[in-house]
């Protein structure tokens, strides 16, 4: 182990591997505290005088994108079903909300909840069809769902056709701020909890080898659909509020294909298959986009394109993914990867081998295996 | 108007969609890249032809022969662009997550698009080919001449590509890399180079199609997206990685769209194609010509 | 434990003699691929607490037979009975849930998950109620994962992403996962391939122990004759899709047809 | 009050500044049109400053300053730009964006923050039917875009009886088509083809075949430049011989004619502004001076978007000059109550809903001498070449 | 003593930031059979991969016939006359068996030559000849292994790296394969094998290496290692 590279030394002292796991791993010891603290920090600004519409809007949008990216990740990252069509849930939610608010004069909370429910039901139906496909084919099918939904909305009466729906009587920005924050926190809690349960394990297993998961006795259709519906629920809730937030929706905005790619970018940049990753990615990328928009007028999309390319090439596993990989590598040394066989080579007998590893594992048990609430 | 006319209209533009999609299917199948910048290759091909003609004639007008003479240049230029993109950028994320290649190509796509606007403005452009008017009338069906040329052009591009893959050593190497890159390296194939060549070929064919599109429709910096999207649909019709599949898929898509436009209403064309896409995926997930072995 | 000493290759005697405690029974399983009959009307029977081997030349149809039993492939003809239940047309996951565990010939573990999560997943196979799905693994389960990992010398790698392990290590993980799930019947396709001989001895010990203490029933394919002869109570031999012999290891080793078709003369 | 009007930026040498701000389609599909507004805004502001700035009603003289960001015709981007301009840059006077789908949400931001917004780029009547008192529009509403075309055709010798409408399925074009249908019914014409097509459509053959087979007398294409080019290029190959054909947006641009060459001859287009008129203007002097200024400074001929852009600035200037105290509300009121004032764009005043009352003129590409105003006759430079010759005769 | 054909000096190798091999020093002589044994996960495959350019060499040098080949790409190594059979599946699943064989001869400029060579190998492994038109993706485990071995023989290599050639093969074929290995060696090919079937592997080997924890723990002739008690107890099983 003498060859352990030095460039990891600095990173190690700043961020020991156990810390990485505790911070980002789903089973991390401080996860709940971290979530709680973040939620409180998120809730404070408006109470302490953040009244500025712009910041309010930008931060609300960050929450919104974090919701969407995390939802994408439930299916795309945790379950390995990369969807190009999540914005279909958003659009359905947005239209449900808008139609209920405008044409049926339903109250805002009821409209939003209905939006979530509609999106979930839609997901259940569509899921039974598209979740039978894998990989590339799944990706295209979901894109097809998104585009078909967009085209259909464009041609219907109730959706206002190509002109969309205008929602002019808008509640103040702070309402949306807390709404998106609330949904986001709820979603983080749900995903965080689920990923340390058997349900979460099964989703990961489906991602890694669905055939084997089936052979182990899991009816994968059932779990995939559940994950897909969960994603749709949160996406639909966000969509339901978005129409009012934006004062206007049309097929282009509600089923925004470019956003769908942005979501994926956010999840990937942050790190797929983790809870923190998509959220960090959403905050990060959205900040970049906002900044570039004011700083490089006319060139902002070029900058955005370059930013995406550079980040993806530089951090192919995303921020959290890179950190975890690092933790994993360190872990490999810490736990001595081959310590067991070392012992064997040093001449202890076969039965002693087991004993020596037991010791190693026991001494580590308190940092690794146990978890407090 | 007769159904036959719709079908003819559909086949005529369908061949162009096909030529675009063939390249898309190729890199998807071989390099495992969903190239979101594929439509931009079509766009660049169109602009290359446009500028070549402008340089040659002063205006973007010319005879058919002059136009056809630009094609080899377009194909070479786009090959180089594709090869370089793969080598410089995409190769760095290959073999990780397919979605990373998707993001890189997404970045490339918007960057190229925006640079094109800066360079050439957002105005749509089209190449005027002198002999184009008026149309042939065959058995009562209107067949615009230039479309006929484009139709055969697209078919020929596709056919050359197909033969290339089937008959040549490079073609075999490309197929080998698509099935198992590690094994391909094992038998002595330069995997990186092969991938870049594939990307180059795919871009070259797309560029060639773009040149034809500039003559019969029009081109603009932001035209790429719809061609990328249509390529998705076509690839599903035909099966990932299958050249004959993409060709048939393109013709089929064109026909379906024009039939919808003619018999129902053109406002439903896209809705119908995308719905058909889902239906087909469910009924025949491997595409009409899919060859991917079942997992 | 009941052992059949009957070397009659129809196998019917064994079936009738021990009809009650047959964990697995196949009758006339046939699977064709195009013109090739990969499995040709094969009957096998595995009894509770038995360790049964399945050997035969490459391409004899062993893995295909396993696939038909587990529902990965649908047999063209024949029936599969698991603990008296006809499971021929059941979907794969349902058969697994009925108590059938499986190790693949090509190692298949969940490469993106940590080694420990792989084991936890395997352990919790069983009930599908919401409560079970939403519960987090308890300490006794974690302790069991540690115990098993130490057994195969992988105690230190519990938190490592399983995809990073070497070929043989992955195989060991799959082996441990199979044990973790405590199936009624465990099908193993070449568990010994690629495993270090010293480790293999540990495994034999472990399988023996599991078999003695927990009455685990095991049906395994193997080309490593030392291993299979040492561990199996009874062996079936397949060649060209047909069952050509059945018997105890000694009987098989001396069977003319088996020697000709498979073992070769020493 | 008026906290946006004291030179916070401090870069404007002497005196105070008033900052106007907005988002515009500077990249993306509509970048070419966005540019027309940007140039007109900038040129006008520069000239005003050169001439000593704005003498506001409060007695002070102000320099004008502009902050224009790019929304690439994305409604959500535009919204956050306006939020930012208001909150961060402290801007009180908003220049509207381009396209109705962007203007509508942007106008909501204006209303919410109680800042006046004057725009020359969103023509959907929806923008002005929300009871929003902070938005002012300088374009005729979309439903009026096609009406003059029919008036013109009906005045011709062999007046049309049947009409074909092809409309892109975006908000603006659909509203234009609605207006056309209304007009057609009023005039007792018959619609023989009425088709909408998705924006993404790149081939109009089948629809043009329909127009040919149904023997429509005149054709109206409610769509943007891209589809106008396709129309011009495919009319011949599809053998469409109508008496008149008009495209609603982008058919009068030079870039259109440059791409389609002779195929574009005889095609009509609407404009809210007569480039040959000579309206008086306090900044440029008159319309022709404006045309000359843009041609000289930017190397292209301005069109109605440019002129509307100029009028946007003058609307604000006019209001600044007439208020006692600067501030969003007084300025808004001043705009609303202003008497008609003259600009290069023509006389400007706003109705109760905030939109200018204006009709379209019709221009036509004539083989010689080129683009001519042909309707209404009071301002026409030439008679319309109606019916247009069959393709076989060209 | 013959010349050294393949040599690793102070090699440190692994994957990305993970170091697997520490300070490996081995030399393999021309026309020898060398066999590498060791526990699972000790780095045997990594050692082979670092020779052939599939793993990252972080320090040290690998040389072939005295010339340095550290970090060379697989196709350069192949062109140099080295071929490699991976431990994992490495067929082209969508191609037929015969096409796979032809791909094995990809480096031949001449297709005819490849076809001819394939026929020769079918004669040697008749079972492959029988299934030449089957899709490689549908082969049984053993059939596939045989195809991989035969494909590596297409080029007539000077040096062959074989990672557990016997995996999945029936006993009869294992014997065939080892016979074939000895034959090849007699004809002048140098072989480096990894074997868990260590008895078999070491018995044909001129030289053996025991790898544990990424380090070479023992070296010696095949028979010496077989007779070494400690090696036997720890790595060969009872």
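We just call them A, B, C, D and E in the order they show up, numbering each chain from 1.
One rule holds in what follows: contacts are C-beta pairs under 8 Å (C-beta built on N, C-alpha and C of every residue); 3 or more make two chains touch, one makes a residue touch a chain.
The chain lineup, named per UniProt: A, B = Branched-chain amino acid ABC transporter permease; C = Probable branched-chain amino acid transport ATP-binding protein LivG; E = ABC transporter ATP-binding protein.
As the structure is a prediction and not an experimental result, all values here were calculated from the model.
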item	value
Steps in the shortest chain-to-chain touch route ending at chain C and beginning at chain B	2
Selected interface, C-E versus A-B, where C-beta contact pairs are more numerous	A-B
Farthest-lying chain, centroid of Cα atoms versus that of chain C	D
Euclidean distance of C-alpha centroids - chain B vs chain D, Å	36
Length of the line joining the C-alpha centres of chain A and chain C, rounded to whole Å	39
Geometric centre distance via CA averages, chain D-chain C, whole Å	76
Distance from chain D to chain A - Cα centre to Cα centre, in angstrom	43
Interface hub residues of chain E, defined as touching at least two other chains	18, 38-39, 41, 138, 233-234
Junction residues of chain C - those touching two or more other chains	153, 164, 198, 201
Residue list for chain B, restricted to those that touch at least two other chains	114, 267, 270
Complex contacts: residues of chain A adjacent to chain C	21, 193-194, 196-199, 201-202, 204-205, 207-209, 211-220, 273, 328, 331-332, 335-337, 339-341, 344, 350, 353-354, 357-358, 360-361, 365, 368-370
For the chain A and chain D complex, residues of the former touching the latter	52-55, 57-58, 61, 151, 154-155, 161-164, 166, 168, 170, 246-248, 250, 252-253, 290, 293-294, 297-298, 300-301
Touch list for chain B against partner chain D, complex	1, 5-6, 9, 12-13, 59-61, 114, 117, 121-126, 128, 132-135, 142, 144-147, 213, 216-218, 220, 222-223, 226, 258, 261-262, 265-267, 269-270
Chain A - residues contacting chain B, complex	76, 82, 129-130, 132-137, 139-141, 143-145, 147-148, 151-152, 154-155, 211, 257, 261, 264-265, 268, 272, 298-299, 301-302, 304-309, 312-313, 316-317
Contact footprint of chain E on chain C as seen in their complex	33, 56-60, 62-64, 105-106, 153, 164-169, 171-172, 190, 193-201, 223, 225, 262-264
